[in-house]
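Okay, got some structures for you below.
Both of the next two complexes hold chain A, though its partner changes from chain B to chain C.
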Partner chain A sequence: MSTRALAAWSASGLVIALSTSNPIYRAVVLLCALNLLLARGRRGSGPRLLLAGIGIAALVATLVTLLLSHTGAHVLLRLPGAIPAIGGPLTLEALVFGLSTGLGIAAAMLAVAPLTLVSQPDELVDALPPALARTGAAIGAALNLIPGTVRSAAEIRDAQRMRGWRARRVVDWPAVAVPVVLTAIEGSLTLAEAMESRAYGAAVRTHFGVEAWTGFDTLVSATALLAAAAFLGLTLSGAAPGWFPFPGLTAPAVSVPAVLCCALLVLPSLRMRP
Partner chain B sequence: METIAFAGLHYTYPEMSARALDGVDLEIDSGLVLLSGASGSGKSTLLRVCNGLIPHFHGGVIGGGARVLGHDVVRTPTRELARHVGFVFQDPELQAVYPSVERDVAFGIENLGIARSEMLRRVAGALDICGIGHLRSRAVATLSGGERQRLALAGVLAMRPRLLVLDEPFSQLDPAGSRALLTALDAAVRAGSTALVAEHRHHLVAARADRWLLMAGGRAAESAQPRAAATLASAPPRAAPPASGLSWRLHRVSAGHGRVPVLHDLELAGGTGEVVALTGDNGSGKTTLLRTIAGLLPPLSGRVERRPGRIAYLPQNPSALLHRATVRSEVEWTLRRTGSGAGAGLLMDQLGLGDVAGRDPRDLSTGQRQRAALAAVLAGAPSLVLLDEPTRGMDGAARESLVVALARVAQGGGCAVVATHDQQLVAMVASRVVELRDGVACEQRSMVVASR
Partner chain C sequence: MSAARLGRLLAIPLLGAVLGLGGGAVHLATAAAPCAASTYTGHVTLVVEHGGGRVIGLCIGFDGSSIGGEEVLQASGLEYATGGYGSLGEAVCQIDDEPAAYSSCLPSSGPYWAVFVARAGGAWEDAASGISTLTFASGDAEGFRYDPQDGPDPPPASPAGICAAALATPTSDATGAGSGSGSGGGAGSEPATGSATEPASTPVAPSSAMSQAGATGPPSGAIAAGDDPQRAGAGTTPLATTGSELSPPLLVLAAVIGVLAGLLVVQLVLRRRRT
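What follows is the complex of A and B.
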């Protein structure tokens, strides 16, 4: 699938996930995004790390809401009032709202994840409109520095280990951290020099990589953008209400047209196979 | 119109008091011009003036006249000069802009706004000229140092510059890569381009060079007739001295990154008192072998034996080691960590670092930095020394001091394994030469037979 079509799909998923507080719609977006990642995502540590990061972000959001929102009829636990900020009742409503918030964060992150996990940085750069080509090239180069820095950190750790370095105390770490930071800075400067020396910014850029745009790309983009627009319309008109569990817990209302809008995001993964 | 016309050119880096260039008068019309000189003599600085990185990128104080292809360097931004001046830096690891080979070669011509059909032709042509057409779909991260050096050159050749400026382009190239580069330079010069090449291994270029310039003290002067001095002062590898004991041994070792073996079923050993030169094409697995011997890379199968004692390992990138404020404290840090009671002064003097002992190692030239890293790993009398391309950026004097240091390791009952493309170094120091071909070791001068 074209990177541009994927970007349109991601933008639509992001709009839906962020424009509602209803956990049902968020959950549908999350499942569609997860399905796409499993259908097309790269193997290896990248997806695993990303999923772990999303899980942690969702957990933190849940805990923060639970600990800071002391509202709700069903009290689960009371922390001593002397504890600043988190002291007071911890309620079931706050826990459920926290879970919904975490679900929203996870859905939004997963909607964008295919762009970084499925596409290479240079494909993203190529997908940008001409007006953003220079900025895109700089961003692509900067993204390329990240894996380089990770590799360099491993090399530096190995090299210092051979000089007798052992990570026993905090004071030992500068022997690795300092060269990692300095090498990253030097790498950035050399890369900037290399880009400048290769005429970066001398003319309007052309692109080596040209993506094929298929009928399926048109279908995915149009469906995703229409789904997001329709969902926004339903939300603004009150036909697809949000959800708020305070003061007492209630089940979220479900609008079938809104669920269908969210479910349309499953379209790209129907055609993709690992 | 001269390609390069410098008149009374002087330059001082920001926050430095001494001039890096001190009155350079130089005119270059055409042809292949070799630039040599000791580490820190100002070669890289002079080259950077050619495409305007000095002064536009680095700042500092510049004076005198500097014109390149008719452009006043001080008034013309680098990105404009880069339309006509192709520049390859010393550190190929840090030059790749994009993660894939083909895409990275195209970066420069994308910036020139070349039509895609022409771009495809140029990328394919540049990759072929540099002998890396087979790598076009590879990820840059998986390339060896020499392959990256060829990639950097391909990226510049694709731009078809009128002036080619190359800083130590042979430092990590295997013989095939060196030949490919020389052929590419010849072709570019025949097509009307001018090439200015700074290179310590000047025997590689001298035979083809039209002029030979020598940098010293920030000034450039005409050197001897290049073609007359083109022969490599080489000697066959030294006869292997009898090894008094085993230093390390690989038993049927396969090793590589991930699950893909680069080395296959290797049976190889090194004895005490030996200096083993490890040669082979770019990407043949020299670094993998060194890391396996060092214990940094567990073998996929087989067994590695090492005699007890400290192992010194110099990676290709010397910056991986340097983290202290001065060269002296780098050496002292290793001595402390290894519990050695020796002083740092003698080793630094042996490696010609006495004058820069108090300087920040990251402020030094590439060759000086390489020596500082060497001093940092050789401190504390290691019993096994593993060096990966140690002569990168080193001038002749520094190479001599490396030879002496390696001889001391061998005489002291240690063993050294040196991965290098530098045939002069091999001739000067090696007691054995082992060549890696497709992950298999071939003994060139036999003491311990090594093969599958």
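What follows is the complex of A and C.
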């Protein structure tokens, strides 16, 4: 599957997940994204770490909403009012709204996750329009420096410890920070020279292999973009209303066309990775 | 992969869809509508409590399994105006010319129209959204109270008995919007007695710049929801509807969720085999 088609799919999923407050549609987008990750995810790109991160983000969103929003008719628990910010009634409505918010965050993150878990980084840079190719390559290279700097900091700290260094006060830290900064600058210069020696910026970027664009890619892109456009239209026209549990908890409304728009995102999952 | 294994794997999403549909059917077949007489298949009680204490009680007839919150107000013949609040739907700014003028439907201070719902003869509850997103089944009630935002915050007068009395009294209203009337307006009896007179108010064009939905409605409580072509294709259904019929949107949702969950199981099995 082409990375450009995948990008169109991710953009559509993101638009749907972020344009509605209705947890029904968010849940359908989330299920479609999970299906895609499992069907077309790269070997060795297990989504466990990502899923754990998404779970933590959703949990934090739920807790923050529950603790800070004291609105709602059904009180579950009352914290002493003397506690700043979180003191007061904790309501069922706030809990459910927090869960819905967490669901939205999870759906949005899973919608863009295939860009890294299904595509290779070089495929992602290749998929950028020519005008953004240089910027994309520079940003990609710069982002790669972050884990390198973290590794470098750990190595320098261990080396200093072997020499008897101990971090007792703040003034001790420059013994590690200065070498880390110098190593990072050196690494950046080496990277720049390597890129220049490979003619980066001298001409239009060449490709080792051109990614094929198949009829299935056209189908996936067109379906995803049309589904997102139709969903936006339904949302803006009021035919696919959002959901708000305050002041009293009610069930979200369901619109068949909107559900079908979300469900169309399952299309790329129906074709297994070769 | 053998055909038998493939068949077993494909059976999972199909089973999910069937289970989803079954769950939706069980959920939907629980409630029954109490009002089943007269020309219309369903009846919803409308209670409007003005700031001065005057109460208007009406019985609105409709065909089909449900009627929208705004359609109930439109069918009543009462003058009303609404203002949009995004995904929350339409808020009621004015009913029966109260307030005479306004700059905001929901002012931060000062009176406003609070919306209530009562499901299947139950107690009044605060509506969670605007009237354009509310849906009522037969036996439900929609209530409006002009809340002064100071002092006590009681619900409107009880809707009990309004539809029963209106349906028991012969009326010349051929289109089924039976009516009670207000106590303070001098045009009938208390809502609980449900006399069959027309509402005391006459629609007039409100002076606000906001949407004047009431101005386009009929001059009396004389339309049914099924007769409004603009509303026929709205097609949204609350997840916890109390209608007595199976709701197609919920069945579609249950089927979609079931298929997606089943596919997820298939993908998990295939991924484990690949690795």
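Simple rule for what comes next: the second predicted complex is superposed on the first by the 220 of 274 C-alpha atoms of A that agree within 3 Å, B and C clash if a C-alpha of one lies under 4 Å from a C-alpha of the other, contacts with A are read in each partner's own complex, and residues count from 1 in each chain.
Heads up, the rule we're going with is that contacts are C-beta pairs under 8 Å (C-beta built on N, C-alpha and C of every residue); 3 or more make two chains touch, one makes a residue touch a chain.
Being a predicted model, the structure only gives us computed values, none of them experimental.
After overlaying the two complexes on the shared chain, residue contacts for A:198 are found with chain B alone; chain C is out of touch. Within the superposed three-chain model, A:141 lies in touch with chain B and out of touch with chain C [touch as defined at top]. Applying the stated contact rule after C-alpha superposition, one finds that A:89 touches neither chain B nor chain C.
After overlaying the two complexes on the shared chain, residue contacts for A:241 are found with chain C alone; chain B is out of touch. When the two structures are aligned on the shared chain, A:233 is found in touch with neither chain B nor chain C.
In the overlay built on the shared chain, the residue A:160 is in contact with chain B alone; chain C does not reach it.
In the superposition on chain A, contact is made by A:250 with chain C only, not with chain B.
In the superposition on chain A, contact is made by A:182 with chain B only, not with chain C. Of all residues in chain A, those touching chain B in their complex are 120-122, 137, 140-141, 144, 147-148, 151-152, 155-156, 158-165, 174-176, 178-179, 182-183, 186-187, 190-210. Taken in their complex, chain A has these residues touching chain C: 20-21, 24, 27-28, 31-32, 34-35, 38-39, 41, 43, 73, 235, 238-257, 259-260, 262-263, 266, 269-270, 272. Within the complex formed with chain A, the residues of chain C that make contact are 86-89, 125-129, 132-133, 135, 234-241, 248-250, 252-253, 256-257, 259-261, 263-264, 267-268, 270-271, 274-275. Chain B contributes residues 51, 53, 56-57, 78-80, 82-83, 85-87, 89, 91, 93-100, 102-103, 106-116, 119-120, 123, 141, 155-156, 159, 291, 294, 296, 310-313, 315, 317, 319-323, 333-334, 337-338, 362, 376-377, 380 to its touches with chain A in the complex.
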